[in-house]
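Got a structure for you, written out below as structure tokens; questions coming shortly.
Chains here go by letter, A, B and C, matching the order in which they are written, and residues are numbered from 1 within each.
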Amino acid sequence: MRAVLRDALPFAVLAAAPVAATLAGADWLVPVFTRMAVFALAAMALDFILGVGGMVSLGHAAFFALGGYVVGIGSHHAYDGSPTPFFGLPGWNDLLISLPLAFVVGAVIALPFGWVSLRTRGAYFIMITLALAQMVYYGLVGLTSYGGDDGISMWWGHNTLAGFETADRIVLHFLCLALLVVAFVVLKRLRAAPFGRVLDGARQNEARMRALGYRPLAYQVGAFAVSGGIVAVAGALMANVDEFVSPGMGHWTISGELLVIVILGGIGSLSGAVWGAVVLLGLEEGLREITEHWPIILGPLLVVIVLFARGGIAGLVARLGKGGGRAGSP
Amino acid sequence: MLLFLEQLLNGVQLSVTLLLMASGLTLVFGIMNLLNLAHGSLFMAGAYVAAWTTGVTGSWLLGLVAGAGAAFVTGVAIELVVMRRLYTRDHLDQVLATFGLILFFNELVRLIWGIRPMRLDVPEALNGFVEIVPGAPYPVYRLAVIAAGALVMLGLAWLVQGTRVGMRIRAGSVDREMIGALGVDIGRLYTLVFALGALLAGLAGVLAGPFLAIQSGMGEPILILAFVVVVIGGIGSLKGAVAGSLLVGITDTLGRVYLPKVSDAGTALSSMLIFLVMAVVLALFPTGLYGRKP
Amino acid sequence: MLEARDLRKSFGAIVATDGLSLTVEHGRIHALIGPNGAGKSTALAQLGGSLTPDEGQVLLDGRPIGGLDEASRARLGIARSFQISALFPEMTARESVAMAVMAARPHHARFWRPAATDRGLTDPAQAALDRLGIGHLAHTRAGQLAHGQRRLLEMAMALACRPRVLLLDEPMAGLGATETRSLTEVIRGLRPDMAILLVEHDMDVVFELADVVTVLVDGRVIASGPPAAIRDDPEVRRAYLSEGDEAC
């Protein structure tokens, strides 16, 4: 029961906060909370391969950007009525198309990325995922017909939802939150199912898994693809929140931030990613109020957290509440 | 043909920059098992301080010394304050802590020198062209960079292979306890190795300064290319770093010149080329060209 | 059942396996003994598939399986236990054995069902633990088990694979007298159901269990035959047993 409450609490916070902000007349704060939900979604997908599968990807920004471009490119063609370069198909501007499409694009690109990266482990894996994401970044910069460096500004507004305009920002927020909850339920279930057990076993002792008759690589590549797909969905949502996509979504610092969120929330806790996103993005917003040079405070703060406070916020909560759980496992 | 020769030399010159970066990364990784994302910040520190010093004093040579020196001092400082606490941590912790350092340094240069990019001009004495073959003028400075880089690398090879310090470094990478038993102060050795890597990164930043816009965040694209070099060459291998940087530097330069840019795909492909090369090398050699088999 | 034909394996200048041939029959325990560094573990690794021999063949039921990787051989029914316990430190004993049960059952069966509450997994896992006398440790994490208990868990995982061929790499290493006794009985009880290749240093155990003994020195077979014959073989005595009966 306690565990259920601990899992539910961060979602409840993200549900209540924008409502409270709107009632208090501060509805300009709503997108801030929506950003938190979107980053939580991406970080949770990263936590799935990191916490369960032991894969430290420093390249997940690539999938985030690809998801964004699925929305941006579709919306661009839908707006000006031109055919897309993909078999001359028309553009798309509805979430019912762009979200599943983002998942598919993210997962399909993540497959070869995962396979190449999983040729190795450890530090190599980190460097290779970083390099592959940089490749995507340069690739997007090279898309001059979609704005190149400047990206696509969707000044005509974000995607419709099943044909309805969703101009109200709070609707978009609850859509993001709903998808976050769905992702949590699915990933939690997947972790407990044989698929997740095999990933977990391979993280702890890959050689033993092979001796038992498993081929962990297939599971790992599969998990990497699922993770990439979910991150792309998060990117597609981000594009709708910002009504703007650019190669910057694929900048390597986004990958770094996602890792930071996972660590803050406690590795392997899944729901902790929500706390992580709330804290990191909240911290960024707060520091921005103090100084425009806020990274000069955030950077050293991260160093201090890594050096002296492993286990993240979820670990801290678990320790304080003696809740046990698997938060903070290495 | 002449264009090709010119571009080939440009490729070698990029290789030199990458090699200076990658050799520091690979030394630090091979010996202290540290994955240092902030290596690019040292590159940036070298470029900024050189540009600023040259601007103030008018002396390029002074800028070179100041830039490389600043990187060295920064290296010693972050080793003492942060890095040495990370040697025994896992790579994830190392990534996060050095990510924090990058945020700090990228903002620090903005705070000190503002957001406008700085420039470092080619030194007066090397500002000109020389005909390497008749009818093919080539910038003297670029040749000088290639020569300087080659000299530094020869010096590094001598240091590692032929001196007492180098012997300790190599021993340290094989067996930490043994070197401790030999009575070598391992902490000081690590600081020295890290600072040496920092010095090389700073030097790379100064030498490449005239080709780049000197701005916040300039270190990371080079860092990622250096990672590609290390991955291709094999972690911990200086020989691999040489082979990898030549492959990456030349492929990248020639790819940008010779791949057709008629469409989006062409433009995108030329900047993605080396990453595809990396993927192919990995598919064939999972531990890189000269990496130790696990 | 499992047969090695003329296996050779070198690491640089060191010849680890030099023309090894042996056959492990169903219902029999074949012991592989030899001094430290004789190449016993290397031989086991080549049979299990984690090492590829330079030359020679490995056959299962007369079919060559040399080209198959470790996982494929495991699925054909070759299970192994490791000399140094290779466990999942964060999993409980029962979860660990359930991994082995899951590997042995038809693939992707009940893909979506949480493994922890799937009785198709937990019941056989518990049974394997009970059989080795560590059923009461089902919910202890593998990383927290004592050394002897880890050895038994290692065995339980190998058994849960429902092997036809069991490769045991020094199962008694580090066990106390009582634990050795009971594990010996467990292995004896397995004999009718499978073929067992036993690498073991404890000569009392070897001569008590083995139907056939092969002696390996410097990667080469110097003798092979029934225990009584091996015990009296002068070359074996000179090369190996003279070092002391229980060379650990």
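Note that in this section a residue touches a chain if its C-beta (ideal position, glycine included) is under 8 Å from a C-beta of that chain, and two chains touch if they have at least 3 such contacts.
Heads up on the chains, UniProt names are A = Branched-chain amino acid transport system permease protein; B = Amino acid/amide ABC transporter membrane protein 1, HAAT family; C = Amino acid/amide ABC transporter ATP-binding protein 1, HAAT family.
This structure is a prediction, so every number in the text was calculated from the model and none was measured.
Trainee: Measuring centre to centre, with centres taken as mean CA positions, what chain is farthest from subunit B?
Mentor: Of all chains, C has its centre farthest from that of subunit B.
Trainee: If you average the C-alpha positions per chain, which one ends up nearest the average over all of them?
Mentor: Per-chain C-alpha centroids ranked by distance to the global centroid put A first.
Trainee: What is the distance, in whole Å, between the centres of subunit A and subunit B, each centre taken as the mean of its C-alpha atoms?
Mentor: Each chain's C-alpha centroid was found; their separation is 31 Å.
Trainee: Using mean CA coordinates as chain centres, what's the gap between subunit B and subunit C in Å?
Mentor: 50
Trainee: How many Å are there between the centre of subunit A and the centre of subunit C, using C-alpha atoms for each centre?
Mentor: Centre-to-centre distance between subunit A and subunit C: 44 Å.
Trainee: Report the residues of subunit C in contact with subunit A in the complex, numbered from low to high.
Mentor: 48, 50, 69-72, 74-75, 79-80, 82, 86-91, 95, 98-100, 102-104, 108, 110-116, 157, 161
Trainee: Within the complex, which stretch of subunit A touches subunit C?
Mentor: It is residues 189, 192-198, 200-201, 204-205, 207-215, 329 of subunit A that touch subunit C.
Trainee: Using the touch definition from the top, list the residues of subunit A that touch subunit B in their complex.
Mentor: Spelled out, the residues of subunit A in touch with subunit B are 50, 56, 58, 112, 116, 119-120, 122-124, 126-128, 130-132, 134-135, 138-146, 252-253, 256, 259-260, 263, 293-296, 298-303, 305-307, 310, 330.
Trainee: Which subunit B residues qualify as touching subunit A in the complex?
Mentor: Touching subunit A: residues 29, 35, 82, 85-86, 89-93, 95-97, 99-108, 110-111, 220-221, 224, 227-228, 230-231, 235, 264, 267-272, 275-276, 278-279, 282-283, 286-288 of subunit B.
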